[in-house]
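In the two assemblies presented below, chain A is common to both, partnered first by chain B and then by chain C.
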Partner chain A sequence: MKSLYIAEKGGYWYKLPLKAKFFSLALLLLGILFSAHQTVLLFNLLVILLLVAPGSGGMVLLSRLKAFFFFGLFIIIFHSILNPANTIKVYFFGLEGALYGSVVAMRLIAVVAIAQSALITTPPKKIFLLFSSWNKDLGLIMFLLVGFIPVLEQELVNTSQAQQTRGLTWNNIIEKLIAYLAMIIPVIIKALYRAQGMAALLFLRGYDSQDRIMAKRSLKPLWVKGSRILIVFSLLFFLINLSLFAGLRLKVW
Partner chain B sequence: MIRLENLTVSYPLKQEPVLHGIDLVLPVGHIGLVVGGNDCGKTTLLNTVSGISATMYNAVLQGECRVEGKIGAVLQDSDLFLMPTVLEELEFPLYHYWQNRKMVEERVAWLGDKLNLNYLMKRSIHTLSGGERQRVALAAALAADAEVLILDEPLAQLDSLSAKRTAAFIRELADSGKTILLASTNTQFFHCITDSYFWLDHGKILWSGSPGSFLTQCPSARLKGVDIYEYEPVKPKAEGKDSSRSDDYDKGDEVLHYSDVSYAYDSIFALNMINLKIERGTTTAIVGENGSGKTTFLKLAAAILKPDSGKIAVLGKDISKLDIAEATADSGFLFQNPDHQIFQSQVDKELAWGLKKRGFSDTEVRVRVNSWLQKLGLEKYALDHPYALSKTFRQWIALAGVLVREPSLLLLDEPTFGMDTVSTARFAALVKEAAGQGKSIVMITHNDAIANICADRVIKMEKGRVLP
Partner chain C sequence: MNRNLKILIIVVGIGINIIGGTLNSALKLPLFLDTIGTILAAVLLGPWLGALTGILSNVFSGIFTNPILIPFALVNGVIGLIVGFIALKRGYEDYVTPIIIGLVLAIAAPLVGSPIAVYVFGGLTGGGVDIIYGLLLGTSERIFTSAFLARIPTNLVDKLISAYLVFFIYRALPPQWKMLSSARREKKAEAS
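Let's turn to the complex of A and B:
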């Protein structure tokens, strides 16, 4: 099973110092949240995809986003048919709903793209280092979380294989839905059991949040050569979005 | 050193205490082995000593439980781990010393040498085989250099060679001043290294003393599931020598036929050009070292994995184009870990589920489920939640889920893992009975006794190849 991190050196997100990377990604994220208008958001999304995709292995990121493109399409269709605010209708597609849905979908894709680019290019151990430099327990929590996802995925595969050896078939959509339901409940229960076991393991391996000397490795500071352009760019991105938001939405000026 | 005096342990929701009046003293540098059948309280005793019972499971302790020194432990469930890769798992307990990078590296290298893990360091743990995982768990418990080691069935999934090597290493650790408490149903590899035995039955220590006198003083232990005898080593058997069984099947009728089968995980070969025929109506045991491709071999037969090259025919049908459900239409697959297979909230529902999916009628389902529950002695637990029962019971339930359909080919992946001798003997009887009914059985096992008793043919695997 694949882990979230992909260890091929493919772009500048790999080479960036840790703090600078997370700082500029956070600014980009804030910029998305403050996008004032759907056209601005569309522009922002394109900027982010152009910035993020080539820096983190390109096709890998896009292939992980594929599911979210389809999900975004589903959101748009869902809102255009069912949103109660629809007044202008082309056949049965409401325009207001479609607009609203597309804003939600674009936000989602942008957020996932940012998160994925961070996860693809940062080894879990580094995530641990970064977060535990802020809070000792937070690092471990993030680390276990990132490590847990592939395990859960594996658990899902195992369970579905076991069910298929006993006669589960996947021929139509209803069967598929029922199969997923039958799969998800035991996987959640097993995840809870596993969590308890992992807590026991943490206890046994001497992890104690009271007195602990955790990793204090020197992380490169934020403002170093090589990361300055990106930090300035993302700061600008954030500030422009913020001022547009203030102008268009809050009517400050 | 470990000192337990009149220790009684009970869980809040259970009326009966799990352990009563345990007295146990283990001086520094000694190895103590807690022996006992399934459900005798071994795991609770070890968890109490290591401190998990009280902190994690809210157990109530009465009496004295004193452990001097830092504790390292291996849990029974080797599926549990914290970090994604082997190297990180071993480094994690050493994070205290992170500034001293060199020390961490030295320690990990030492562990890798001693437990033969160096070739696994970069692999992620969930791709390892059961035995490899267990070695990693042991190494992680040793990493922080604890004075007291609590090991729950540390050798259960290991092949006999690495079990022997690991047992010798455990002795070496004790000689260097560690106190080690082990638990096992099987004394095979522990006999020569242990200083004292503690025979636990129904939560009480019935006998304690040196290993040599256990056999003479407690002959009844074997009846309670403790294995106190050495096995004969398993010998590869030739095909079809067993003439004791009534043979009214066509000879040469193959139940499994592998031709030039290869399979690789991420470009690491697990199976390399396998050519093999297994005849109908025979019982075949697959043995071999950990990570030699046994589980992969079996999973290919159920179409869970698709071969990279070559052809596989099961019961005369080519399964390369079929999905899992079609490929296992007349075969049953038991997974290595019973928890992969159990997903219903009641034992009887669990058994009935597979039958319903295969289109049996309701009355048929009821009859079969009841008869198999009775046969396996599970009828008392028919309405229980499988996860409320012990792991051995879950193993029986998973096995029952496979057997209840009465398929003509059984593919069993380590069916007796963690079972005591009583359960193992019952399992052997079941296999013999099924074989007598003309069923073909292919099973992976590390238990030489099972291979000797049940199998007509023993196939040895090494590094992805079948040894001739």
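Let's turn to the complex of A and C:
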């Protein structure tokens, strides 16, 4: 399966150990979710982009964010015209709605930048290894899925061709719905039977989730040399945002 | 063996969710149809593993296609929980249960999904629902209410179709598949 991972471009997000990277990105994400004021959010967005973009292949990240820039623009325009809180209007663009829309758009772009930087620099196999270290079965489910989805896709193509030779068409919405059912039901039934076979194979090969301890050994611990600065920085980012959020809510400032 | 089969049913459920969504967008239907696997897994395996199926399917497609899908894992998880508990209570063999499930999910899924959509996207989806959302925003003057109401009609049709699809598949399954769910129901009946 094709994933969002892009092979090594040489940024520092590539070199970080997995646990440290995900921990610091999660803290940055929490910091973003707690920043509600537009000025704070704008500053945070700039910090995030400066921190994340050079470390994860720069232009790749920005090209993936391009669609969200346009969607953000759409959100701002939509809310500036239709938001019910609009009172001050310039022609038909309301200022309150535009402000609300820009907060949402900036938050969206920051969240996507963080998530994409994690997925660009980490191959899915390693993320599943992280799952395996929490629970063995969880990791197994993810690893089995990687092989299972292409099989289902092929099954879908086969079924679609078989049904088309029997005269299936989809021109209007009712026909489309019937076509959907005619294609998905055989795929589901075949998938269930395949599941039975694969479960028997797992049993025959002696899969017992209690014995697997590989994943835990292959992952570096959180607090290692080389990732400490980033963890401390993201912790500070989170704490500052949390205190700003609490201060704004409790009207300390 | 039983444990392995459970794992594989979760895998199949996630696969069906993803393939169902893909086929839906390929046919350009104005629905979602990406919760069929969650409902199937919840009926066969019970509420908690059903919720796990839902959450993992969004996490998996988030990792492989678009990370913004990951927050909506909550919606899929709640669908698994609700279907699982209703199926545990009523079984899934009569014609009424899918209607109940469809109606409950048509309210519950937007109830969980709209706050996430409002927080992350400002209530917009980039699709046809936005027109209804805009019209409602003009009349109801509340962002959350409009986003919630705009999502109900699509969800109602979507979840009813999904529930009945799973219902007909479940009825046609051989008895050894139903054992997983009926054994659990009997155990619960004995306990109470």
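The definition used in the following text is that the second predicted complex is superposed on the first by the 165 of 253 C-alpha atoms of A that agree within 3 Å, B and C clash if a C-alpha of one lies under 4 Å from a C-alpha of the other, contacts with A are read in each partner's own complex, and residues count from 1 in each chain.
We adopt the following convention: a residue touches a chain if its C-beta (ideal position, glycine included) is under 8 Å from a C-beta of that chain, and two chains touch if they have at least 3 such contacts.
In this text, all values refer to a predicted model and were calculated from it rather than measured experimentally.
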| item | value |
| --- | --- |
| First, second, both or neither for A:Phe203, with chain B first and chain C second | both |
| Contacts of A:Leu119 with chain B and chain C, given as first, second, both or neither | second |
| First, second, both or neither for A:Leu73, with chain B first and chain C second | neither |
| First (chain B), second (chain C), both or neither touched by A:Thr165 | first |
| Which superposed partner A:Leu236 touches (first chain B, second chain C, both, neither) | neither |
| Chain B versus chain C as contact partner of A:Ile88, first or second or both or neither | neither |
| Of chain B and chain C, the chain that contacts the larger number of chain A residues | C |
| Touched partner set for A:Leu145, first chain B, second chain C, both or neither | second |
| Partner chain in contact with A:Ile189 - chain B first, chain C second, else both or neither | both |
| Which superposed partner A:Val111 touches (first chain B, second chain C, both, neither) | second |
| On chain A, the residue positions that both chain B and chain C contact, one per complex | 1, 3, 124, 144, 170, 183, 185, 189, 194, 196, 198-200, 202-203 |
| Contact set on chain B toward chain A in their complex | 50-52, 55-56, 70-73, 75, 77, 79-84, 88, 92-93, 95-96, 98-99, 124, 126-127, 140-141, 144, 302, 304, 323-325, 328, 332-333, 335, 339-343, 353-354, 357-358, 387, 401-402, 405 |
| In the complex with chain A, residue positions of chain C that touch it | 1, 3-5, 7-12, 14-16, 18-20, 22-24, 27-30, 33, 36, 40, 56, 60, 62-65, 67-68, 70, 119-122, 124, 126, 130, 134, 137-138, 140-143, 161, 165, 168-169, 173, 177 |
| Residues of chain A defined as touching chain C within the complex | 1-4, 71, 74-75, 78-79, 82-84, 100-101, 104-105, 107-108, 111-112, 115-116, 118-119, 124, 127, 137-138, 140-142, 144-145, 148-149, 152-153, 156, 170, 173, 176-177, 179-181, 183-185, 187-189, 191-192, 194-196, 198-200, 202-203, 207, 209 |
| Chain B-facing residues of chain A, complex | 1, 3, 124-125, 143-144, 147, 150-151, 154, 158-159, 161-170, 182-183, 185-186, 189-190, 193-194, 196-206, 212-217 |
